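In what follows, structures are represented as structure tokens.
Note that subunit A is present in both complexes that follow, paired respectively with subunit B and with subunit C.
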Partner chain A sequence: MPAAFADAPLLLDVRHLSVDYVSRGQPAAHAVDDVSFVLREGEILGLVGESGCGKTTLMLSLMRLLPSAGRIVAGRVDLLGRDLLSLSEKEIADVRWKEMAMIFQGAMNALNPVRTIGDQISEVIVRHNIAGNKAVLDGRISELLELVGIPANRKDQYPHQYSGGMRQRAMIAMALACAPLIVIADEPTTALDVMIQAQILELLLTLRQKLGLAVILVTHDLGVVAEICDSVLVMYGGVTAEYASVNTIYNNPQHPYTQQLLDAFPDLSNPSDRLTSIPGYPPRLDALPPGCRFAPRCSVAFERCHHEQPPLYQLSQFHLASCHRVESE
Partner chain B sequence: MRGHRYLLNKIGWAFFTIVFVILLNFFLFRVLPGDPARAGLRDPRLTVEAIEAIRARFGLDKPVINCFETLNPLRLGSCRVNPLQTQFFIYVGNLLRGELGISYHTNRPVAHMLVERLWNTVLLVGAGQVLSIFIGITLGIIAAWKARTTIDYTALVGSLMAWSLPTFWLGIILLFIGSRQLGLPIAGKVTPGGNFANMWEEWLDIGRHLILPTLTFTIVFVGEYMLIMRSTVLDVLSEDYILTAKAKGLSTFQILKDHALRNSMLPMVTIIALNLGFTVAGAIQIETVFSWPGLGQSIFEAVGRRDYPMLQGAFLLIAVSVILANLIADLLYSYLDPRVRAS
Partner chain C sequence: MTVQIKVTSIGGFWETFRHSGIGVVGLIMVVIAMGLAVFAPWIAPYNPKTPVRVSIEDIYARPSSEHWLGTDDAGKDVLSNFIFGARVSLTVGFFASFISIVIGGMIGIVAGFYGGKIENLLMRLTDIMLVIPDLPLAVVLVALTKPSLLNIIFVIGILGWTGTARLVRSQTLSVKERKFVLRARAIGAGNLYIIRRHILPLVLPLMVANTVLVISLAILNESTLSFLGLSDPTTLSWGQMLNFAFTRGGMSAGAWWALVTPGFGIVWVVLGCTLLGHGLEQILNPRLEAHHLSVGAEMVARPTGPDGGWAREGEST
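== the complex of A and B ==
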């Protein structure tokens, strides 16, 4: 835990969460397997990993929004001490957006194309009974849009009249509409160009400062993580590879996957460095290797790695890694 | 501003299409063989003068258009006649005054005959369309929301069956059951020679006559609406903004109503408009089975009698309704989908 957050109030406590995708006539795909993490007030947690490693699945299961094939098979999700997984459908619907809002991958289609931006923001405010009357509601919408840098007079426009970056800003404004404790941003900048990406991330940082927001930022861009995150959860093939503060991850990475991700990440301060990428492909979830899931691609794997799955070793107070080499050291 | 351009553009196209249809409709019927005078040629009682009188009465003594005396058989004529004294321009002139010619069969103005029949058809088709659209859309949404459950499969199989039933056959079966089991009237719009104490009773009688044809109509169309609605809603439900709506904590009903329905209505609007346009004529089979005095029935009869002016009028009416229905669909579409207005 970074020092600044060690004693901030605990918002979200996810313990041993496992999610399967089931489909008839096929073995269950273990998309998320025994993942635990915490989120404290004002913290920005980076969730990194190659695409297909279960990041979106993990985030959707926090809000119980998995597609019909998805099943939460084990674990707990405690939000301020309340177990979200045992709530009724109606109770969880009240929690959604009010306490935990989500910005989805690809803002292009996350907004309804035939309704105005203002209308879509007002809808959620009305749903959770935040604003008393029409005037307050209108004021709130203008305030939200201006907070993310959109002129309030554009609230009656439709998504197609916005640029990609503005659509993502509008999504952020909508996410803030009910003043949630937590905002989950699932690859919020993937489809945007670098300039706009930087602006959006800057905005998230400002908002965290202004509103005391806690953010889970899903990304596969380690540069982004270094810039704005406090702690990092590295996932590989549905399991936790390494979980630590951002400093530890960059300065003392223990899992070979983390190390290789960092190597693959171009160092902007030294452009002559050759860009390396990790050879091989992530494992198929319905045909996982018997031992460590990363072993087939790991350059330092030994005998044990291929038939025994490593547990999550605690290296220091806030540094966890699932690698056999950690134990033998 | 852009919205106006879109509107004018669409109205302009509708106008040109109608002009084209008028041309096509006119010449098509000149190319078809037979006219009342020639039918009369075989009747030995008709004198040459009488035949000429008939031709003059229907305007057939004039050239079809400059350079063409008649089109079938193709006979060329002088090109130097006054265009206003040709059949074509007389026809267009009459059209502009709302006249569609005189029926070969009844000798009455076609426009009057069509208007009478049109209202009966609108009554039948209107009732059937409203019912089938409403039921079809509701069933489609429910089936899509409950996709791959028993409810869905039941609605799916039922709709497929309804869609594939031959209209004629279904009408006869319903007519049979309705009249035997429920004592419903089997033909016409009102009980012949019926004596009604007041208007209310007359309407009640018409209502009883409407039940069976409307039911047939509804069953025939509900399947199509349901199936199309189901697949559109299924597409829409897999969109990202539906996930956003769920994440916002909206209820199933709100998601369906405020996010799925409007987006799914886009393709439905086009199909409904097209059907509405066509069913001015499309009720031919049902009107025939139930002897409903509508447009379809009169078209059916006019074909048998080679009553060209009547057919020509009816075709024009149908074409214009289809074009107008399309125009309305376009305008409605642009209202429902802001992206259309922009492009």
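== the complex of A and C ==
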């Protein structure tokens, strides 16, 4: 935990969360297995990992929005001391967006094409009864759009009249509509060009400063993580590979997966380096290897890795890694 | 600097619709038929309800200056009957298809949205309704109830929703998987709200296009039932005119006008509705959608300069 956040109030405490996908006649797929993390006020947590490693599943399970095949089989999600998993469907519906909002992957699809942006932002506010009357509502929508840098007079336009970056910003405005404590940003910058990406990240940082927002940033992009995150959770095959502050992850990665992931990222200071990739594919979630999930692709795996799953080892006050090599060191 | 804001609207829709030739033709045909029905008392030369004293020459009289389209078996003016008949046919068409669309739309949306057992149940019901031949069932139902206008509308309405239900269900299935439905759930919206505000707006255009097609089916059904003698005896529809001409010696009298006129009316309205429906469907059914560049010539860059060269917008030469 970076010093700045060690004593900030705890917002979200996720402990030993496991999510399965069940389908008839097939073994359950363990999409998320025993993942724990905390989020403090004003903290930006980066969640990185390959496609299909359970990032989005983890985020959806926090809001209890899993598709019908998804089951939360173990764990707790405490938001300000209240266990979200034990709330009724009605109670969780009130928590959604008011306390924890989400910026969805692919803003184009997350906006209804036949309704105006302003209308869609207003439905959030109306749902949670925040604005009393029409004038307050309109004022709030304009204010939100201005906050993310969209002229308020464009609120009566439809999503197709917005550019990609504007749509993403409109989604952010929507996420902020109820002044939530936590915003989950699921790949907010994928499919955007680097300039727009920089603007969106800048915006998230500004908003954190202005509103004290805590953000969970789901991304593939380690550059983005280095730029704005405070702490990083690296996931592999549904489990935590490594969880530490952003400095530790970049300067002292312990899990071989983290190390290789960083190696696979182009190094600007040494552009003539060949890019390395990790051979093989992520494990199938319904046919996991018996030992460490990364073992089949790991270049430094030894006997034990192949039949015993490593627990999470605590390396320092805020550095966790699940690798047998860490223990033997 | 002011930003020019263009909002898509009815105007934009009309702009697209204008370019669909068959749609416009269909619209004109339907509007003419509706005009006939609405203004029947002013257009028709005679009132079919006023009793007439008939002599033998007045029965199946040939078209003349007095009776432009001749007379029928009761010595009444065929043209007037034809004009007033439009009222019944269109009334039945509109109301029956309204019932069909409401039932079909509801079943389609509920089945598509909720899925699982509910969908299975509703869709098997639809399949059963689909395989039962419409006409015999309609004949039985109308014969069992009294053949009044209301009953006929009702029977046609509850037999005609299957196609709509399947169409709406398939569209709902695709819409409900879109990300914004998940987003609406994340907001804390309930099922009914999502159906009303997110699913319906995307399904409705398809239902509208489908309505027009269902209208033509309903009119055809009504004519068929009337022709078979199952019609409200107090009203006069095109199908009934055909029935009378057919069963009361119109054929043997060689009174083609008594048969062709109502037949023409039916074909006119059904064709008009079908063309209009296809025109609307081309715009509203996403599966038939053309690329936006192929819609209007003005969307594609083309030479605009005085010498046929390329000129930029706002560059007057």
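Please note the rule applied: the second predicted complex is superposed on the first by the 329 of 329 C-alpha atoms of A that agree within 3 Å, B and C clash if a C-alpha of one lies under 4 Å from a C-alpha of the other, contacts with A are read in each partner's own complex, and residues count from 1 in each chain.
By our rule, a residue touches a chain if its C-beta (ideal position, glycine included) is under 8 Å from a C-beta of that chain, and two chains touch if they have at least 3 such contacts.
This is a predicted model, so every value here is computed, not measured.
With subunit A as the common reference, subunit B cannot sit beside subunit C without a clash.
Once the two complexes are laid over each other on the shared chain, residue contacts for A:His319 go to neither subunit B nor subunit C. Contacts of A:Arg169 after superposition: neither subunit B nor subunit C is touched. Applying the stated contact rule after C-alpha superposition, one finds that A:Val124 touches each of subunit B and subunit C.
In the overlay built on the shared chain, the residue A:Arg208 is in contact with neither subunit B nor subunit C. Once the two complexes are laid over each other on the shared chain, residue contacts for A:Lys55 go to neither subunit B nor subunit C. Touch criterion met: A:Asp156 reaches subunit C, while subunit B stays clear of it. When the two complexes are laid over each other on chain A, subunit A has residues 63, 65, 93-98, 101-102, 104, 106, 109-115, 123-124, 127-128, 158, 161 in contact with both subunit B and subunit C.
Interface residues of subunit C facing subunit A in the complex, by the touch rule stated above, are 3, 5-8, 178-180, 182-190, 193, 197-198, 201-202.
Residues 239-241, 243-251, 254, 258-259, 262-263, 266, 336-339, 342 of subunit B touch subunit A in their complex. By the touch criterion given at the top, residues 63, 65, 93-98, 101-102, 104-106, 109-115, 120, 123-124, 127-128, 151, 153-154, 156-158, 161 of subunit A touch subunit C in their complex. On subunit A, the positions that touch subunit B within their shared complex are 63, 65, 93-98, 101-102, 104, 106, 108-115, 123-124, 127-128, 158, 160-161.
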